[in-house]
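Here come two complexes built around subunit A, the first alongside subunit B, the second alongside subunit C.
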Partner chain A sequence: MTKYKFTTVEEMPPLAFSLESTREIPTGSWRHVRPVYRDKNSPCHVTCPAGEKIPDYFELVRQKKYKEAWYKILEDNPLPGVTGRVCYHPCEGQCNRAGYDGAVAIHNIERFVADKNFKNRKLPAAVEARKSEKVAVIGSGPAGLSCAYQLSRLGYRSVIYEADHEPGGMLRYGIPDYRLPKKILDKEIKDIEALGVEIMVDSKIGDNVAWSELERYDAVFVAVGATHSRKIGAPGEDLKGVYTGIDFLKELSTGNVPKVGRQVLVLGGGNTAIDAARSALRLGKRVTVLYRRTRVEMPAVPEEIEEAEKEGVHFEFLVTPVKISGSKGKASEIELMKMQLGEPDESGRRRPVPVIGSNFSMRADTIISAIGEEPDLSFLPYSFLRKGIRLFVDDEHTTGVPGIFAGGDAATNPNGTVVNAIRAGKEAAISIHEFLGWRSRSNGVSHDAVKPEEVNTFYFPHEGRVEVPRITVQKSKTTFSEVNKTLTEEQALTEAERCFTCGTCLHCDVCMTFCPDVAISKDESGEYTIDYEHCKGCGICVNECPRGAMELVPEGAREAVEEVEHI
Partner chain B sequence: MMEKNVANTKRDGLLHPSIDKVVVIEGTHAASHAVKLARVQVIAAYPITPQTSVVEKLSEIVSDGDLDAKFIKVESEHSAMACCIGSSISGARAFTATSSQGLALMHELLHWAAGSRLPIVMVNVNRAMAPPWSIYVDHNDSLSQRDTGWLQFYAESNQEVTDTVLQAYKIAETVSLPVMINLDAFVLSHTSEPVALPKQEIVDEFLPARKASFKIDTSDPKAFGALIGPEAYMEMRYKLYRAMEDARSVIREVDRDFAEKFGRSYGGLVEEYMTEDAETVLITSATAVSTARIAVDELRSMGFPVGLMKLRVFRPFPVDEVRELAKHVRKIGVMDRNVSFGATGIIYQETKAVLYNAADRPSVFGFIAGLGGRDITPETIKEIFSYLMNHDEPESESVWVSLKTSDADQGARPFPETGAGIRRSEGVK
Partner chain C sequence: MGQIKYQLPPDEVLAPGHFACPGCGATLTMRYALKALGRKTVVVIPACCWSVIDGPVPYSAAGVPVFHTAFETAASTASGVKAGLDAQGDHETTVLAFAGDGGTFDIGLQALSGAAERNEDFIYICYDNEAYMNTGIQRSSATPFGAWTTTTPAVSPKAEKKKNIIEILAAHRIPYLATASVAYPDDMIAKIRKAKDIRGFKFIHVFSPCPPGWKFEPEDSIKISRMAIESKVFPLIEIIDGIDYALSKEPDGIPVRDYIKMQGRFRHLNDEQIGIIQANVTEDWERLRAKFAPTRKVSRSRRDESTGENKSSQTRNVTRTKNARKRAQKSRG
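Showing the complex of A and B:
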């Protein structure tokens, strides 16, 4: 290189600056920590029980590649139209944007993507080669559907045995139309069938199909759900005018209108109770929900409770039924007892304890009891381990009987939600795959989720969460048509734009721009390379990265070495 | 604050055609409006009383879309100056404003800005240094930054603030040095006065967009402010020294140019008032000049041959102007609103220093007044004149004016109402 020599003041520039770039100074020797590119998990992805790759498909949404976005969701969840509507979206609870200006409306975008692909759709083909083994699935609820679907992606043929006349489980017979229209469910089930999954309806194991018939399969997945309403255990529960929530909702969803009086009382605090109450309201009745604890302990999805309140459902807390009485075999009155909250029980919620002598009565033409559902496992041979009312399974969803797997509401640790059933189906499919002698592809190294403080919010202007379009309360309480609407394309794009894309590099060039040593470069394929000859480990790139897609590792650490080999 | 348009160019034929409108605004806003007219591109500042309203107004101007500038909120004055340096080195016109402790916090980067030869303009609202805490005026804050390589202006009126900001960019961009414009806390910063705002087109003619002679260019990466060995450091310093020397004629030229376009002049580095036939002249700066004008008028009406020199520019120091004055006066008094501990008032020192090697050396007296916002009234100035006229030589190196002390020897005496007992004249030199 040329050496410049100034001999006089006059020749010198006004400011001392190098006449060439500083590349000849290998500042890399100053470094004791090393920046590396490392995509991390987003908290939403880690939290979604189905494991949807949320930041990945949001990026596709932003590029308006809606089909690709849908395909991305379908890798983990065959029912996005369903979860986009009824999932309790724990993902949003952990969203890093929550503490900034409101969580991203993840499940609304999920629904938008599903609905955007409602017409002219074709599922991606199976990912693995066809296998000869066949698997039986008992129950066509979300757990069964998810398992059969993932099995077909893995190349297996599967047959679903369904006791009912139509598939879907609680998605069809439990969750009402105003939350989940049947055409959405039908479409997603059709898709699964189109992959070669056979659904045999009106086929109840232990009834018209013998358990022994399943012996010809190489593996079985038990996903029979929890379809039996728990008994109240109070005298008079068999009187006319007393329904179980499940029966009541099932009647409605098969197109019949159950006979109900003007004054409807619903017992319970879960989704079934709320859905029964809102459904009865839509039949023009005065509805009161009676729950033995308080509002905060109600297990139903909080938004649903709010909706019910808005629509005019009444609530009475801290009461429990003692006796139902009536005349001519028909219920007309219910005796209740007041409760108070005591010590927390094993669920962590405070246990309700009766207040002795606090009994009182309420008039009622119709009583709907929805105090919980339990599985009917009577078709199973004795050899199966149980825990309480449920079938025992371990983390791999094995039952202890070789080749028999189980999951969803019928099995232990079910959490009793759609998305957990979908997760169980997916995980069981992988376990079955491994049981049949294959090694499943791991998802790669999983790092911790990006923490809120790792997001550089400087890059994200404040922008409130989208207001979900819906029909008015006046209208919603009189009709079974869907309450919430799908986001418009514009809303969905704005909302997807709000996502920080935690932990996934978006090739925004920020790291490269900020590097004071110009040590980061980008090749034609868009990949970044750090020139460790010059990177002095200041960490500015890592600090500046809007989304925590970089990391500083101690110099000489194993990760650092690996990373370099990678590059 | 409401800005009232008090004059109408159409109605009032006396107004200069360059004037867009005359508004009644406080000194800080006089600066903000000038920044807008100068089409500054980057503003970075941290709030400190009494500077806050300078940038507050600018934030409104920028958010209203009236000025196409980047407004950067920073976490300290140090960062504010860093932002100005960064933007200026990339070719932008940059502005910041601060005061007192804030200016002190900037100190390191003041050297950086000047050493990098960046034409940044800063408004400093002069506020006394703490402790004891004070938010009122004196000049120790800016004078402590004497040797950083910044040009320093001291404004007497709100109009002068506006006009000096416009002049400052032109001067700064010509000599490649940063300029600090000082205005007295509250006395000027928060006092409303009519200010003529010039028309944008004429400002644009006077002050075209900046053309940086060197700047950061990402396609030609270089390191700025590089390490330099002993073989060249001194020469770089000499360049800066020369630029400051050259600034004197540039300031005079720009003021003349300004007068031509806008009809107002501030005399370049100094402005003289009734000095032509004066025997005793007071040198002072900033708002005290206005007060001194009143005192001089009064004494003149009583027949005393007194005059006044307003020191508008402190850096570069107006060597020629002071020496010229010395040729025809008998006594010079310097009123400092500052003190250099272990020495005297700073302007007094500098005045004496430039006269030592001059052929004509009148007696030079130093007065310290108005620290920490103590009012300087016409009486204060007259006290100083009484001392000046009744002494042949200074009795001490600095006289603290209106000091609350029981020491009868310390300080000046009130000027007698009729002027009785004050020496009248020793004849013009």
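Showing the complex of A and C:
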């Protein structure tokens, strides 16, 4: 500070004046709360079972860096072309934009990114050094594929044993073409193979490959899915014209169109039932789905039920089969009983109870029973713990037998979805890595996600969710070609722009713009610095941040402050 | 469309370390004004919070010369400073009178009217925090109906409506008149820059929340400013030559209640009183609306808003500048 010294009255100015800047006054001492930059999780990321870094890859999409966006997804999920089509997208259910003007169409953008990279592509190489250990994976469904893929990223060689003639599990033999074209699946499986994952098809453990064969591996991941249809337990189940949903769909997907009569009845309320119904409809039949509870309890994805309805599938609720009868060994009629909803069962859904004396019959040329699938664990030695019909695993996917891990539909706590199988594969790969003596980088997803009220919606003008392009219902109900289309680039960009980018700073300058104390500055690299010498802790920056990427912490709580700064 | 963003002039003329309360709207007003005007500016400040905010001798936060003057004399002092600069042949430096609502609506009104009538060539910014804050929250004629201040306690809150300073100034037919808000810094800066390029008397009325005076958390300053605009309590407008009205932003029209509920100074109000405020706001809005009702110019300016182009206002700017110059010459001659 310059000192002004006046030795005579004449030297003094006629008025008092200031030549120093208040910059010398440390008004930061007034502060009792401190703003800090702190990136937080987005609810979509926390909710996505695969743990995709959704706001991060959306930002790459907005910059039209589609390859980088794809790579970002591939860190967590090797099958974005699949999940972008068939994932039931729980992420969107938690999207902070949902309550504003409609959730961001996350899975459609995921699909756009995958499809944009359909041609001329190569997966990034392993992230970790090559290891000498080898891992066996049983089953090439999404759980097995995801595990083998993550293991190869970690530097391991793995071999997948697949009972069927082609890999993919339910992705190939369950989900029909009109939702997931085979060329998408084939491409993503090829990519995984290109990383060095070996897939041995026609190799069923416990059948043509002995369990003991696996002893030469350092670890095993059991991902055999739930491939056996549950029996309805009604007389006549074995008549001709009665299919299980899984068999029916498998036949279709291998190109052998099953024989079906004009009137098709589908028993069940899950995805298999809906897919079987929509497939039969595409064969030009009249199709009715019979379900023992009501529409709200149906476990199938609501959007799929809606689609089925639009295409002309009929529904009968609160009915259960009693007996199938027919002539000359072929089914022709089904006897049903009416149900009503009673007390909630362990799943929380109201239990259906029979209405005595309400039996009635319906004509049925073909009956498809799709009341659920169970794993076939008969190949496993008895030493394995089971829980109900499934193989018991803990949160780390260990079975209790050292070196043997399991996940996906075959193991406990699946929720019977593709993305959960992908999650199981990823988590199991990390567990195997640790079992083999390595320390893995923390995968811990912290669950504190940005809440809707932390988003400052002022900064986001209303813009409705994208209308997903699709072929007309008239057309869709007659063909197995894909119903929903990929977003156009323009649509994908508009949709990605809708994302609030919850919790990740986008360097939008809003915090800096509104600081009354000029305490925020930006350096050449684009990073912000808060001048705590002068910040008074008003909190405007934190409150105005459009996306909850800042936080106010109590002043003086040094540990809290330091912890936050190191994130 | 994505996120709304602001591109402000990067130069920070205002220094930190000033004496404003946390979350002060008046301080943001100054920060944006100096960004808009740049360093070739002289500021004249009468007695008000800003005489304190700028800092104690020998410190100053403004980063440009500041002349502190008596409560009632912002406009007359600024007239003098402008004449002094002119006398020295400096026609470039901008003179900015920066006064509170007390110094503008009340005690400074006579000097303000004089300067406006003489069409003095400077910018007058009134940062309106709706009371005498510097001396401890006494009512001013800018305090809104129903508000608590230390001189209008909750048992008998302010019974009169806020004085309509805009219409008073419009009646002076000054070349440029605008309202602005700290929640819309891009709009405020554009208006101040426009004012800078116009000769003659320019008045900008800025809505500037005061956390301790209005009793709200400092972090909500911007939110409250935004709600004042969106609820039509404080419309963002421009008036050219006191005659041509243009709306700068179409408000969403949120209930006034939402705005009022954010502030402790309105806590005592019952539903009936809030109803009166809403009715007043609606009536004032309709009256204002009628002034820029479907004339050719207005539809043009709306189109500008949607395309983000400023073309027609620039053209209007030119004519205005001519008018202003003519008038300025007349007043000097």
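As a convention for this text, the second predicted complex is superposed on the first by the 531 of 567 C-alpha atoms of A that agree within 3 Å, B and C clash if a C-alpha of one lies under 4 Å from a C-alpha of the other, contacts with A are read in each partner's own complex, and residues count from 1 in each chain.
Note that in this section a contact is a pair of C-beta atoms (placed from the backbone, for glycine too) under 8 Å apart; a residue touches a chain by one contact, two chains touch by 3 or more.
Remember, predicted model here, so these are calculated numbers, not experimental data.
**Student:** Would you sort A:6 into first (subunit B), second (subunit C), both or neither based on which partner it touches?
**Tutor:** It touches subunit B, and subunit C stays clear.
**Student:** Looking at subunit A, does subunit C or subunit B touch more of its residues?
**Tutor:** The partner that reaches more residues of subunit A in the superposed model: C.
**Student:** Which partner chains sit in contact with A:518 here, subunit B, subunit C, both or neither? Use first/second/both/neither.
**Tutor:** both
**Student:** Please work out whether A:19 is in contact with subunit B alone, subunit C alone, both, or neither, and reply first, second, both or neither.
**Tutor:** Touch partners of A:19: subunit B and subunit C.
**Student:** Return first, second, both or neither, reflecting whether A:27 touches subunit B, subunit C, both chains, or no partner chain.
**Tutor:** A:27: touches subunit C, not subunit B.
**Student:** Going by the contact rule set out at the top, does A:233 touch subunit B (first), subunit C (second), both, or neither?
**Tutor:** neither
**Student:** Applying the touch criterion given at the start, work out whether A:526 contacts subunit B, subunit C, both or neither, answering first, second, both or neither.
**Tutor:** After superposing on A, A:526 lies clear of both subunit B and subunit C.
**Student:** Given the touch rule stated above, what does A:539 touch, subunit B (first), subunit C (second), both, or neither?
**Tutor:** second
**Student:** Quick one: is A:402 in contact with subunit B, with subunit C, with both, or with neither? Answer first, second, both or neither.
**Tutor:** Neither partner.
**Student:** Counting only touches as set out at the top, which of subunit B and subunit C does A:506 meet: first, second, both, neither?
**Tutor:** second
**Student:** What is the shared patch of subunit A, the residues that subunit B and subunit C both contact?
**Tutor:** Correct list for subunit A: 16-22, 518.
**Student:** Inside the complex, what are the residues of subunit B that reach subunit A?
**Tutor:** 115-117, 176, 213-214, 221-228, 232, 235-236, 238-239, 242-243
**Student:** Of all residues in subunit A, which touch subunit B in the complex?
**Tutor:** For this pair, the touching residues of subunit A are 6, 8-9, 12-22, 518.
**Student:** For the complex, which residues does subunit C have touching subunit A?
**Tutor:** That would be residues 1-6, 8, 12, 14-25, 27-28, 31, 54-55, 57-61, 63, 182, 185, 211, 217-223, 226 of subunit C.
**Student:** For the complex, give me every residue of subunit A touching subunit C.
**Tutor:** Per the stated touch rule, the residues are 4, 16-27, 30-31, 62, 458-461, 463, 494, 497-498, 506, 508-510, 513-514, 516-519, 521, 531, 533-534, 536-540, 542-544, 546, 552.
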